[in-house]
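Take a look at these structures.
Presented sequentially are two complexes of chain A, the first with chain B as partner and the second with chain C.
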Partner chain A sequence: MPATPSAIPGGKTASGERTAPGVRIGGLTVVYRTPAGELPAVSGVDLDLPPGTITGVVGESGSGKSTLALSLLNAVQPPGRISAGSVEIDGLGDVVALRGEDLRRARGRHVGYVFQAAQNSLNPLKTVGRQLLDLGRSHGVGDLRALVREAGDLLGRMGLDGARVLDSYQHELSGGMRQRVGIMFALVLNAHLVVLDEPTTALDMITQATILRIIREVHEERGLTTLVITHDLGVVAEVADRLAVMYGGRLVEQGPTRQVLGDPRHPYTRGLIQAIPRLVGDIGEARALPGRPPTLATIPARGCVFRERCPLRMDVCESEHPPAVAHGARLVSCHAVEAVTAGARKEQA
Partner chain B sequence: MITGQGITKTFRQRGGVLGGREVRALRGVDVAIARGGAVSFIGESGCGKTTLGRILAGLESHDSGEITIDGVSMASLRPRARRPYFRRIQLIHQDPYSALNPTRTVHQALTAPLALRARQTGRPKGWIDERAAELLGLVGLDPGYALPRYPHQLSGGMRQRVVIARALTVDPEVLVADEAVSMIDVSLRLGILALLRDLRERLGVSVLFITHDVATARYIGGDGELYVIYRGQVVERGPVETIISAPVHPYTQALLSAIPVLHGLEVPGGQAVTPVGALEEDKHDAGCLFARRCPFATGRCTAEVPVLGRTGDIPQEHACLHPERRGVVAMPAGRA
Partner chain C sequence: MTVIARRLAGHLARGIAMVLVVATISFFIIRNIPGDPIAARYQKLVEQGMSPEAAERATAVMYGFLPSGTLWEQYVDYMGGLFRFDLGVSVTNPGTPVTTVLGEAAKWTVLPVLTGTLLSFLLGVTMGVYAAIKRSGVLGDLLAISGSLLHGVPQYVLALLMGAIFTTLIPVLPPGGTADILFEPGFNAGYIGSLIEHATLPVVTYALAGYGGWILAMKSSVVTVLGDDFILAAELRGMKRSIIFRYIMRNAILPLFTILAISLGLLFGGAIFIEKIFNYPGLGFLLIESVTNRDYALMGGAFLIITVAIVVANILADLFYTVIDPRVRSGAEAAA
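Up next, the complex of A and B:
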């Protein structure tokens, strides 16, 4: 690991910390103020990110996945606010309780964030290097030369010519290059918790494969805890150890990636997998999910959020929110799945 | 039937890390889209596939080569006379959010081109509204719901359906779908793809599908032809299933290898090909254009120019001096 402790002499807690932090999200609820009152974009989400793992959160637009990711930085912007729950990060505490300067310092040093469309999140008027110096100054980095060296190393690690990229403006870089610059910015202050929001959207297949490989390698080399937010199951399948499926602000299924993909339990997970056209096998087996994903205004306040599109809908789904039930290493929130499991248990008895 | 022969196009740009100078977007491409057929272009961004689609739709000029539509050479016609020909080819944009005027209802978006159409074909005024409703039904929307609405009141999937309905107002022979589902929610994508497939069957329109996702190309036009394009050149061409199951050009193999494997459901193909470097860094023009990124390149590859054609017992056309079948596509995992 090309660690440069000298690059972060001002860090009180960061200087000593070199290990991947664990994250425990508990009962997280984020609401947005609308003319129709406060509506939840994220409801009662429980999710652990074990130290050193890559977790993928999959969801469609409006599922609340980006809001969930922003909560890790306590960066939900008005009219949104975290109304309940906690986000405990090792070495940092509950970020929901952090305010002002403490919060600003935590972002970047503890939590690195690669924004959705990182391609467009750079300042078009400044070279990458100038933006790096801005970042260093705002975080009180004493040795800016070391910071530039570290950035160059990171870019080199990702297959780019560091010096040249630092000298470039955004428009001089391709989409795949900008994405790597985004990852560099997330890591250069030595954060060990990294959140990537849609890291490969708008990239083509070969560039996507390269970025995913880089995410995996950098994750291992630097000892990170990584959260990847995406709408693309393929991205998660390729990169994540654990997978959480989000729908209408709720986590409907989570567990080890291979288990969830190989044997999906929740009807939404099943539907999503079936809706992916595949390269081999009978292409006619691909099925579209009926209906469409809910928006903030149409997420049902009571009962299961997926019932409108669910082939297994039961009466209880109208009124009761299905609790997350453990199935081995997996958590599934579905009344129908529980009814089937209960039936199978009865038969065995 | 639309054909293009020896199409070339060079863009001139200025400055930057990516080089600047000239970009040869197309270097002599032959293409043919049969009536009711399906043709898919695949390749990385910047390979020229979108430019080729735009040229075939009459939205972009080309430097040399000839385009014919139903046997008529476009070069022989004056620009005004070309219009009715190119109207038969309609482009469906990637972004349904910007393709529709936000200040116009769906009704307005559809009836404006239909009114023109009614004048041209001498139909009564009543036909316009009738046809608008009919077209919405055809793309799977409820006319009563959709007609009075503005684009922002519709979901992305619905908007893309409206865009398709609008393209159908001029009774096109070819729909050019350029990354038509990449901005649509995952659970709704397949619905749009199924619609395009359905329109082929029901209306006999051909579909030119431009994408970097080979699996969606297979879904739309599994019975059609696949063109693999690299740096403005077709490097492999043939039936979709043939190329997916036994690609021989290392670039095709690299594209197919890059498709994520659904671990747990699939196992990797085993002979995955990773290209060296990136497209934007590849500037060499001597020999095979892919030679500098090809892990199998030999000295011959940088000296000799491969020509698209058939060799040996390989059923598809390819432009590789050392064609070899490789198993790069993920296979279904054996389920217990």
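Up next, the complex of A and C:
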């Protein structure tokens, strides 16, 4: 992998080539204004994206994944707002503090974003090509021909006829084609931090596999830092170096993908893995998690967010939020897991 | 090209059918008017000493069919005349063909209606955009409220109000007519100035009457587009504000063009109150006159021309759509 942690702050080497930026999300809290007051959809999230890695964020619907992803662009939409924390991106600084033109230029140019609803991410009245030119002009791209060529190449790699797609309107493209166009838009300006929110939801299994392979390839070729948001553990298993598991707006476990999937510690991570038939083999063995994920209104304000559905629930879970504790390369937030490891340590002693 | 031609052909067919229906209805109205003015006229002419044949022909010229024929013969006569642009002769303007009277009146409707509507469209759309963008502020609220209020006031109330204000309270504008008789009609400053002066009240009233609707329509259209995913996507790609603004405008204004075309068509007939109140001799004024004077041939002609205006407006709206909306364009291709 060509990506070396950027030697020069600013994410550029002396030759002007951009390199993979590191990202440090610290204490990030995002709230939405609701009739019941401002409620957090993301609470105190700490997450580092090491330069050159692909990080996956998994969680059930409503766990706050898209909200977290939008925060990386300081693009949380009203009635939401980032109420605390920071998102430090090499070369940009804290994007939470960015405003106006600085913020606009960072979007697209430094951070590529594939929108969750990528099927509807195009202006219905303009061809893809014209919107590409609009993008180029927005970012002062001098050589628009080269931009079009680049876009055609990217589309070609994703199995599309680049020239034809550029000449098409949104309604002339299938959902899967639109999604790939969305990915092209995120990559075409050569952004080195790429955020993909559910990049493969509209795709069949085969196209999904192709897209994931391409994301991986482009990631390595260009030396990107990539964040992939998904509810599908299969997707992260395939592409992500590191994995963060999200529940009720909090990260409950994070670490190298292999460790997290091979030896899950947090009871929620275990539940997620057991709920997938194809990872455990026998369909009969798949066990759905009991209960339902919380909504903004039902996320408990105190204590552990997962306790309602937790098989290991203890008294302390009612009152205290479990801190993230390091287990080797991994961070786990669970009172029960700590109690067990503490017990094991005592026995060893 | 063929797509547009085919679409146009379809529209023309439908439009002609509609005109025929309206013509048929006006034929039956004329033919079955209580008191049978056709027979009465024939009778009167004969009494005045005309030979029966001459009286018959004179009556036919007036109404478009022979008073003695069978229903079917009369219908064929009337419709045949229609295709020769012969709608009979107006009673109120003896000897003048209906088409001439209509043409004269259309002149006084088309330009003011067009000017007034376009004015209100431009103003209303611009203000609607502001109302949408500033919708959580005082300015947005004020604009929206002004729109609702104006939209709720009936046209004739607005016309009476405008008349009262600008001809009585502050008498700066003439109360009616098309131009001062002092001026020699023609291309001279005095006459044209007087024309404009007389047209001001009707035009401004059209504009005010439409404005509220445009503000409200544009505001809701912009708000809808603002919530569309592709606008957020454009923001996330760091598109320039001016470009995003254009995306919003183009998408938001599109549905309004249909309303614009249709309301233009409707206004040709709907101008009745305004033209009556300002004594402005356009088509609406003519329609009222023809009804009060029982000038049935003229009435039928006026209905017909209003129908044609609506049909033409619809065709224009659709063709325009086909040109600017790629979805409609390819939908048409698929259908073709």
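Assorted remarks:
We take it that the second predicted complex is superposed on the first by the 330 of 349 C-alpha atoms of A that agree within 3 Å, B and C clash if a C-alpha of one lies under 4 Å from a C-alpha of the other, contacts with A are read in each partner's own complex, and residues count from 1 in each chain.
Simple rule for what comes next: contacts are C-beta pairs under 8 Å (C-beta built on N, C-alpha and C of every residue); 3 or more make two chains touch, one makes a residue touch a chain.
Keep in mind it's a predicted model, so treat the numbers as computed, not measured.
When both complexes are overlaid on chain A, the residue A:36 reaches neither chain B nor chain C. Counting the residues of chain A that each partner touches, chain B and chain C differ, and the larger count belongs to B.
In the superposed model, A:233 makes contact with chain B only, not with chain C.
When both complexes are overlaid on chain A, the residue A:139 reaches chain C alone and has no touch with chain B. Residue contacts after overlaying the shared chain place A:124 against chain C, while chain B stays out of touching range.
Look at A:108: by the touch rule set out above, it reaches chain C but stays clear of chain B. After overlaying the two complexes on the shared chain, residue contacts for A:262 are found with chain B alone; chain C is out of touch.
In the superposed model, A:77 makes contact with chain C only, not with chain B.
Of the two partner chains placed by superposition, chain B and chain C are both touched by A:171. Judged by the touch definition given at the top, the superposed model places A:61 against chain B, while chain C stays out of reach. Shared interface residues of chain A, touching chain B in one complex and chain C in the other, are 171-172. Residues 60-61, 159, 164-165, 168, 171-177, 202-210, 212, 231-235, 237-238, 257-263, 271-273, 275-281, 283, 286-289, 292-293, 309 of chain A are the ones touching chain B in the complex. In the complex of the two chains, the chain A residues touching chain C come out as 70, 73, 75, 77, 104-109, 113, 115, 117-118, 120-127, 134-135, 137-139, 169-172, 182, 185-186.
Looking at the complex, you find that chain C touches chain A at residues 228-230, 232-241, 243, 247, 250-251, 254, 324-327, 330. Chain contact summary for the complex, chain B toward chain A: residues 15-18, 44-46, 155-158, 182, 185-191, 193-194, 212-216, 218-219, 222, 244-245, 254-265, 274-275, 278-280, 329-333, 335.
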